[in-house]
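Letters A, B, C, D and E mark the chains in the order given here, with residues in each chain numbered from 1 onward.
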Amino acid sequence: MKKRTGVFVCHCGINIAGTVDVKKVTEELSKHPGVVHSEDYIYMCSDPGQNLIIDAIKEKNLDKVVVACCSPTLHETTFRNTIKSAGLNTFQCEIANIREQCSWVHKDMEKATEKAIKISKSTVERVLRNESLDPISIPVTRRALVIGGGIAGIQSALDLANSDFEVVLVERSPSIGGHMIQLSETFPTLDCSQCILTPKMVEVSKHPNIKLMTFSEVQEISGYIGNFKVKILKKPTYVDPDKCTLCDECTKVCPVVVPNEFDLGLTGRRAIYIPFPQAIPATYILDINSCPGLLPIACGKCADVCEPNAIDFDMKPEIIEEEVGAIIVASGYDQYDKELMAEYGYGKYPDVLDGLQFERLLSASGPTMGKILRPSDHKEPKEVVFIQCVGSRDPELHCEYCSKICCMYTAKHAMLYKHHVHDGQAYVFYIDIRSGGKGYEEFVQRAVEEDGVLYLRGKVSKVFEDKEKLKVWGIDTLIGKDIEIDADMVVLAMATRPSNGAEELARKLKIALDKDGFLAEAHPKLRPVESVTSGMFLAGAAQAPKDIPEAVAQASGAAAKAISILCQERLYHAPTVANVNINLCTGCGMCVDVCPYDALSLKNGKAEVNEVLCEGCGTCSATCLRAAIQVKNITPLQVHEMINACLGG
Amino acid sequence: MVKVEDIKKEAKRILKEGKVKYIIGYKKSTNGLMSVPAFIESPEDVENLIWDPTCVYNLTRFLVDEKRRKAREKNPDERPVGIVVKGCDSRAIIVLLQEKFINRENIYVLGISCETTGVLDEKKLLKKLNGKKAEKVEYDEKDNFIITTLDGKSKVPADEILAERCLECRANFPVINDILFGEKVDRKLDNRFKSLEKIESLSKEKRWGFWKEQLDKCIRCYACRSVCPMCYCDECVVDTINFAVTADTTAEEKAQRIKWVEKSPTTSENFVYHFVRAIHLAGRCIDCGECERVCPMDIPLRFLNKKMEKEAKELFDYDAGFDPDQPSLVSCFKDEDPEDFIR
Amino acid sequence: MDYNVYIPKLAKIIEIKEEVGGSRPIKSFRTHFINKNDFSHRCGQSAMISVLGKGESMISISSSPLVKDYLQFSILKMGRVTTALHEMQVGNVIGIRGPYGNGFPIEEWKGKNLVFIGGGIGLAPIWSVLNTALGKREDYGDLILIYGARTSKDLVFNDELKELKKKITVFLSVDVEEEGWKEFVGFVPQNVTDKKPSPKNSITVTCGPPIMIKFVIKALKDLGFEDEQIYTTVENKMKCGIGKCGRCNIGKHYVCKDGPVYSWAQLKNLPQEY
Amino acid sequence: MEKILTKKSFSKWVKKLESYKIYAPVKNDDLWNYEIIDIPESIQPDYPNTVLSPKKIIFPQREIFLEFKASNEEGLEVKEILPEERPAIIFGVRPCDARALTLTDNVFKGDFEDPYYWKRRNQTILIGLTCNIPPSFDCFCLSVGGSPHSKDGLDILMTDLEDKYYIESLTKKGNQLINLAKDCFEEPKVMDKKDLEKIQANSEIQIKRQIKDIKKIPKKLKGMFDTPFWDKESLSCIQCGICTYLCPTCHCFDINDEVASSAPLKGKRVRTWDNCQFPDFTMHSSGHNPRPDKASRLRQRILHKFQYFVELYENFQCVGCGRCISKCPVGIDIIEVLDKVRDYGL
Amino acid sequence: MTDEFEPRIVAFLCKWCSSAGSDLAGVSRMEYPSNVLPITVMCSGSVSPLYIFSAFNKGADGVLVSGCHPGDCHYLKGNYYARRRIALVKKLLEFIGLEPQRFQMSWVSAAEGKKYTQVIKDFVKEIKPLGPQTKLRRNQ
C-alpha cells in the first residue's frame, strides 16, 4: 500500500496569496512525509486548476489529495468530483481551509503562513488515513404515509396520489376534513369553506392510489428514509361502512345525547352518529364511550333497527402494518385550552365563544342554520366584542408566539357578523393588525370601512356577566382611556396550539419539537418542510400556525419533497458512519444511549451500527470507554495525528 | 453485629446444594494481619471464611476474571458464583449490571452490612500501634475494633483506624443481595466529600505542586487499574499493543494503535494515564478505595475519583451504583445541566 | 565495552521486492550498511531491524552469509514496525543491529542429506541455509525442499523457486485446490508424509507456523527420523535480542540469544512457552 | 578496612563526599525512597526498607538509549546517549538490595554487555547498613542465601552500634571514601568488634520468616510446569506490576521509540521497566500469547526466580527483601507459594 | 515584539456551527490572532477527553472546544453530551492545578462570526500572561 499525497495550494487571486506566502506553504508541504507532490495555482477551483490536479494524479500516481483553499463548505464537492474524474475515490480528497480560517482573518504574513502550513499539514495527516468509501445504497419503498386528514394532509395525499404513488392517509377522527370543514367562509375571498373542501375530500375517498384510514392512529414507526415500517391502530367504529346505507334510523332510537364535537358543543349528537353530513368516509360510527354498552341487553336498539345489519358490536381494534418510503406529518392544530383563559369567562358564560364556535354559528349548516343567535337565549346579539391575541403573544402567562391567523379571521368574523346582523355593532380589541398576504390588508380595511367594525387598540382585562349582558372591561391605548362595553356576545381569537397528541406523535416519529411544541423543521430558512429526520416532512399548522393557502402550499411542497425520494429506485447515504470494533466492545450500551438517531443497538452483547440511520456525529465515539467505536474518516487516530501536526515544530 | 458463623452456614448450604460453583470471600492470610481473597469450592473449605475489619478487598474485581475465564471455557459451568460484598462493593455490582458486563443470574450475592463501622486502614493501624504488629482485629458490639497484639487485646474506637472511604461512606448497606448479614442501620457520617476539601482549598499552584509530587511517584505498575472492578476494558490506553486481536485483525489496525501515553513514567505521561482513569471512572467509581489502598507509592488516587464523584453529584445530581437501570453519567444529560463555564 | 549493543547501524534499502500481495503481504528488502562495519552472520541468525520512530523487530536474515553485497530480509506485514517497513521505499534508511541467535549448525551437517520443510514466510530462514548449502554444494548430500503456503500466490520467492527446481528436488503444496495447480494440495505435514523423505543420513530443517511445525515433527517421527535429526526454529516476542529484557525465554533459554534454532531433542524437553 | 565512625562524625564525613552525587533514603509522607541528597545532615540511615530498592538508580525505570532525527545527508541520524558521567554514592543500602545487584550483574554482563547498566553500576558506590532489626515483617533473606549483614555487592557496610557505626570497608572504592576523611574515623576496639558480632548474630534471630528446605525447590519446580497448581495459586492475582517493579532483582525491560515530532522525524529510543505479569509482555503481534493467562505468568515469575535463574547462575533470583509480599494488593505470599511447591505431591 | 509569547491553541470546532461561524468571521474579514489552530470535527459531542489531554500533553498552551448552542445541534443533542463531558474534564484539569483559562468551551453558531472572533481574542488575551503551558507538556 502506497501513500502518495498531492497538495494543491490555491492563491484564490490575492484572497489567500495576499496574506499567506503560498509558495512557502507549497514548499514546506512538499517536505512532509507522505507528500510526493505539491504545487500552487492562482485559482485551483477553475477548470485549468482542476486539470492541474487531474494531471498530477495521473503523472505522479497520487492516491490522496489535499487542496489548501477556501472553506470545505464551498469547494469540497468540487474537488472531490475532480479527483473522482481522475479515478480516485472521492474520500481521498480533503480541504485545508486556509482562507476563511486563515488568510482572511490574519494580517501578519509570517504568522498566517505558519498557520496555513500547520492547517495543511494536519489535513495531510487526516487524508493519509482516510478510507476509500462508497455511498451506502438503500432501496426505496415507493409509497408514502400522510398523517392527518386536514386540508394539508389531504393536499399532500392528493399530490402524491396524482403523481402515481400510493399513499396511506391516516386520520385519527372519524372523518377527514380537519378544522377547515368546520369553517363557514374563508378570508379574504369569502368563498364557502365546505364548498371548496368537500370535492377534495371526495377525491381522496375515491382515489385508487389512496388508502384512507380514518379513526386510526399511528402507533409505532421504525426504519429509516426509504424504508419505514409503520404500525397503525385502527380503532373500531362498530359500524361496517360497506353495509351502512346512511338511513339514519339508528340515531332516531339511540337514547344517548352528548355534545357534538363538530359543532364544538353548541349542539348535541347521539352515541351513534355521523360526524357531519359530508363526512368522508360517509358512514355512521358508534361512540363507545357514551354508548350504554356493547351488550344487546344493555341497549342494542340501534342494532335492532339497522336493516342492513351494519352494526357490529364485536368489532375489535386492529393493528395494520404498512411499509412506506416517506412520511408527511400534517397533524394540524388545536385551539388554546379553555381552562387557561378563565379571565374572559370562557367556558363559564355560554355567550363567550371561541373562534371555531363562531364559525359554526356563521355556517349555513351549523347549529343555527347560519343565523347569529346567542347560545344562551337564542337572541340575536347586537353588540359583539371580538378579542384578538387570546393566549398569543403573551410570554409571561401564555404563548410567546403570534398565532398568525387570528387577525384575519377576526376581521372576517366581524365582517360576516355585520352581514348577518346589519344593525349590530362589532368591536375588535387588538394589539396590532398583521395582515401580510395577498388581499389581506384590503380585507381588513373593508371590514373597517364598509362594515363599520370598530377596532380598539388595547387589551381586555376582564369579561363578566352583568344583567344578561357581558361586561367587557378594556383599555384603548390609542386614546389612553378605559373602555367598558356591554356586549351580547364575546368571541375570543384563541391562540393556535399544536394539536393535542402532537408531542406523543413526535416522540413516536423521533422528530423534534420546537420550543412551542410545534414540529421542528430541519432549517428555518432553507429546509422548512423537512423534519430533522430524513424522510419525514412537515405540512400545515403542525409546523407553525398557518392559514389555508400557506398550509396548502406547504403540503404541496412536502409532497414534492416526498416525491423526490419516492421517484428514486435507491437512495444514497453518506458512508462516513460509525464503525464498531467488536473485539473491543464490551456491550455496555453507552453508545446506544447517546445515539441521537437510534442507529445503534446491542446484538449478541455487542454494539451494532445501522449505517443507514447513522449520521456520523461521533458522539458514540467520544462516549465509548473502550475506543470500540469510531466514525470513518474522522477517527481518533486521525484527530490524534492532526493534533500532532498542529502542535509539531 | 455480623456473625461469621451465619455467613459460613449460608456458604455451606449453597455449596452443598450446588447452587453456586464457588464462593469468593475472605480468608486469613499467611503473612500477617490482613485477610486475603478466598475462592471456596467445597463445603469443607467454608471453615476458612472470615469476616473482620481486615476484609478490605472489593471482591467484585474477580467477577471480571470469572467472566473472562468462562468465555474461554468450552463447556462452562453455568451456575452462579457466590460473592461476599460490603455496601460499597455491592455498588460495583450495580455498575457492572448497569453496563451489562455481568448478568444478575450469574451471581449470588452474600451481602454484609458494615452497620456503623467499616473496614480498617492498615496504614492508620500501623501508626496507631507505633509499628507494632497486630495479630488480629475484630468487630465488637459497639463502634470499636478489638486489636490483638503480642501485648494482648485492646479496644480502639473504629473511627480512629477506619479506612478514609468508610468515614465518608454512604452505602454501608449492600444495595443488592440475595442474602443479607447484619442490619440496615443508619450511621452518622462525615460530609462525604470532606477529605477533598483539604486539596480543593489549596491555591491553584499548590494544588499543582501537590499533584505533580504525587503523580511523579507513579511507577506505572497499574495496580490501581488492575484492582479496579470498573477497569475491565480488554485494552487500556496505556497498553503497548492490541490485545483484542483476532485472525482478522490487519497489520494496519495493529500499526495504527494510537500511542496516547508513552510507557515512560514521566510527569506528562503519568498525568494522561491518571486523567484517563479519572474521566473513565467518572460516574462509575463507587469509592471502594482499592486503587489508593494498593498503590505501592501511596498516591492518593481516591481524590481524583472522589473529585469526579463530587462533580457528578453537584453538577448533575448523579450517584453511581444505586440503580442498574439508569444510563451512565456521560450517556445522558439534562436540559438544565450547568453551562456557566461556557462562553 | 567497545561498542554499544543497543545502537543500530544505519543501512539503506537498495531493493524491494513484493513477494506476496493480498491481506498478509510479504516483501523482501535488500539493504546496504551506510558505514563499513564487520557485520557477518551465520545461517538462521536474525537481526533487529529498526524503523526509527516506530521501534524494532527481530527479523531472520534470508540471504546467505556467502552473499556479501547485501543483507536480505523477507518480511511479513504483521504489526507496527513491519507495516512501517512495508511502506518504505528504496533509498529509505533503517537501523540494523545483530546478528543474533545461534543459527544452524551447518558445519556439523557436512556430508548429510538436508531436507528443508517450510510453510509461508517460514521459507525466509530456510532460504539462507539452503543457499549456503547450494553455495557449498559439494559439502552436502541430497537437498530437498518441501514448501507450501495457503495459495500459490502466498508462496514466497516464486521466481527463485523456479530456478531452484532445476538444481534440487522441490515439492510444493497449497492448502486448498486451485485452478492450474499441478502439485500437491494439502497441508505441509501431509506433503511430508506423502513425499516420504528418507531419514537415512539426513537432517531436516523445519520453519513455519507453530501448528505446522508440530505436525511436521509428528510426520517426521512417523517416517523414522530421530529427535536429533529434526531441527526447527522458535519464535517469541523479543525486544533486546541479547537475552536481557526477559520476555522470550522458554525455560532458561532466551530464544533471541540461545535460539532460535533447536533440535527436537532439545526442544521437547523445554516448557511449551512459544 | 574496619573503622569506627561516631554518629557525630557521620555528617562531617558525608560533607567530604560532596563531589559525588549522593543518594539516601528520604521519607516523604509515610514513604521511604532513595533520593538525591543536597544536605548531608538530612541523611537518616535508620529507616525501614525503601519502597523501591537502589535498583532504580542503577537501572532506572526510564533510560534514554539514543536520539534519532531526520537528516539531510543520510536520511537519518542516530546519536547514542549514555548516562551522565558522575560518581555516585548510595547510603543506607540494605544488604539484601546490594546482593540483588550482584545477581542482576549476571544478566547485564556476558556476550552483550549493557553499557547503560555498567556505566551507572561502575560509578556508584554502595554503602550498606546492617539490619539490626528487620526492616519489614516479611524479611526472609536468610532462606535465600543472604543475611541482614551480608556484604555481597557492598563497598562499605555500616553497622549501627547505638552511638557509632562500625564501618567495614570491603572494596577499594570503599577505602577511597574513608580515606577522603580519615580524621572522621577511629580504629575499632575489641569491644566494638564484639558488639558488632553480637548485633549481627542477633539480627539473624530477628528474621522470623523462612522457606524451609529451599534447596529442594528448583528441582521440584522442574516437574511442576504442567500442573494445575498455578491456576489455583494465581486465582487472586490481579496482574499488576507491583511484585516485579518493587523486586530488587527483577530486571525485565521494554524498548520503545518516543516520537517528539513525526515531520521532520525526531525522537528518542528509551528503555523502560517492563514485567512478566503484564499480558502484553509476551504477546506476539499475531495475537498469540505463549503465556496466555495469569497462571502462566505467576508460574514464570516463580520459575524464573527459583529454577531458571538457578540453572543459569547458581543462585536464586530472590534476596528475601519481602517487598513483593508486603505490597501485594491481594496478599500473595511468595513464601507460602514456595512452601506449597515444596510440599506439592506430584 | 518578536519575543512576545505566542500561545499555541488547539480549537476543536464542530463542523456545522462553530466551524461555519469561523468561516463567517473569515467572510466578514474580522481579524483575530493567529494562535488558534482549528480542527474541525463533526460535532462537539465527538470530542473525546483524550483529545484534550493529548493536546495538552503535546504542548498546547490552550484548548478550546466549540459547538452549537443548546438546541441547535445539527445532530440534535450531541452538544448536550459534550457539555457534560467537558464540564467534568474542566473540573478535573482545574483540580490538578491547571489554569482554568487554558481549557475553555464556547457555543458559537454559524451566524456568530463576531462571537467566534471575540472568543478567540479573549482566549489569546487570557492565556498570554500565563506563559507557556509546561505542566502537562511532554518534555521533548
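Some points to look at:
Here is the rule we use: a residue touches a chain if its C-beta (ideal position, glycine included) is under 8 Å from a C-beta of that chain, and two chains touch if they have at least 3 such contacts.
Note that this is a predicted model, so its numbers are computed, not measured.
Counted as hops between touching chains, the shortest connection from chain C to chain E is 2. Comparing chain pairs A-D and B-D by the number of C-beta pairs in contact, the larger count belongs to B-D. Farthest chain from chain A, judged by C-alpha centroids: D. Separating the CA-averaged centres of chain B and chain E is a span of 36 Å. Averaged C-alpha coordinates put the centre of chain D at 47 Å from the centre of chain E. In whole angstrom, the spacing between the mean C-alpha positions of chain A and chain B is 50.
For chain A, the set of residues touching two or more other chains reads 1, 594, 623, 636, 640, 644, 648.
In chain D, the residues that reach two or more other chains under the touch definition are 254, 256, 261-262, 265, 274, 283, 285-286.
Residue positions of chain E touching 2 or more other chains, listed in rising order: 49-50, 54, 77, 81, 85, 138. Interface residues of chain C, counted against chain B in their complex, comprise 23-24, 54, 77-80, 82-84, 86. Chain D contributes residues 65-66, 68, 74-76, 78, 80, 82, 107-108, 110-116, 118, 225, 251-257, 259, 262, 265, 267, 269, 271, 274, 276, 281-286, 288, 290-291, 296, 300, 303-304, 307-309, 311-312 to its touches with chain C in the complex. Chain B makes touch with chain E in their complex at residues 199-200, 204-212, 237, 260, 262, 266-269, 271-272, 275-276, 278-279, 282, 304, 307-308, 311-312, 315-316, 329-331, 333, 335, 337-339, 341-343.
Per the touch definition, chain C reaches chain D in the complex via residues 1, 4-8, 10, 12, 34, 50, 52-56, 78-80, 82, 91-93, 95, 210, 235-237, 239-240, 242-252, 257, 271-274.
In the complex of the two chains, the chain A residues touching chain E come out as 71-73, 97, 99-102, 104-108, 111-112, 114-115, 118-119, 122, 512, 515, 532, 594, 596-597, 615-619, 621-623, 631, 634, 636, 639-640, 642-644, 646-648.
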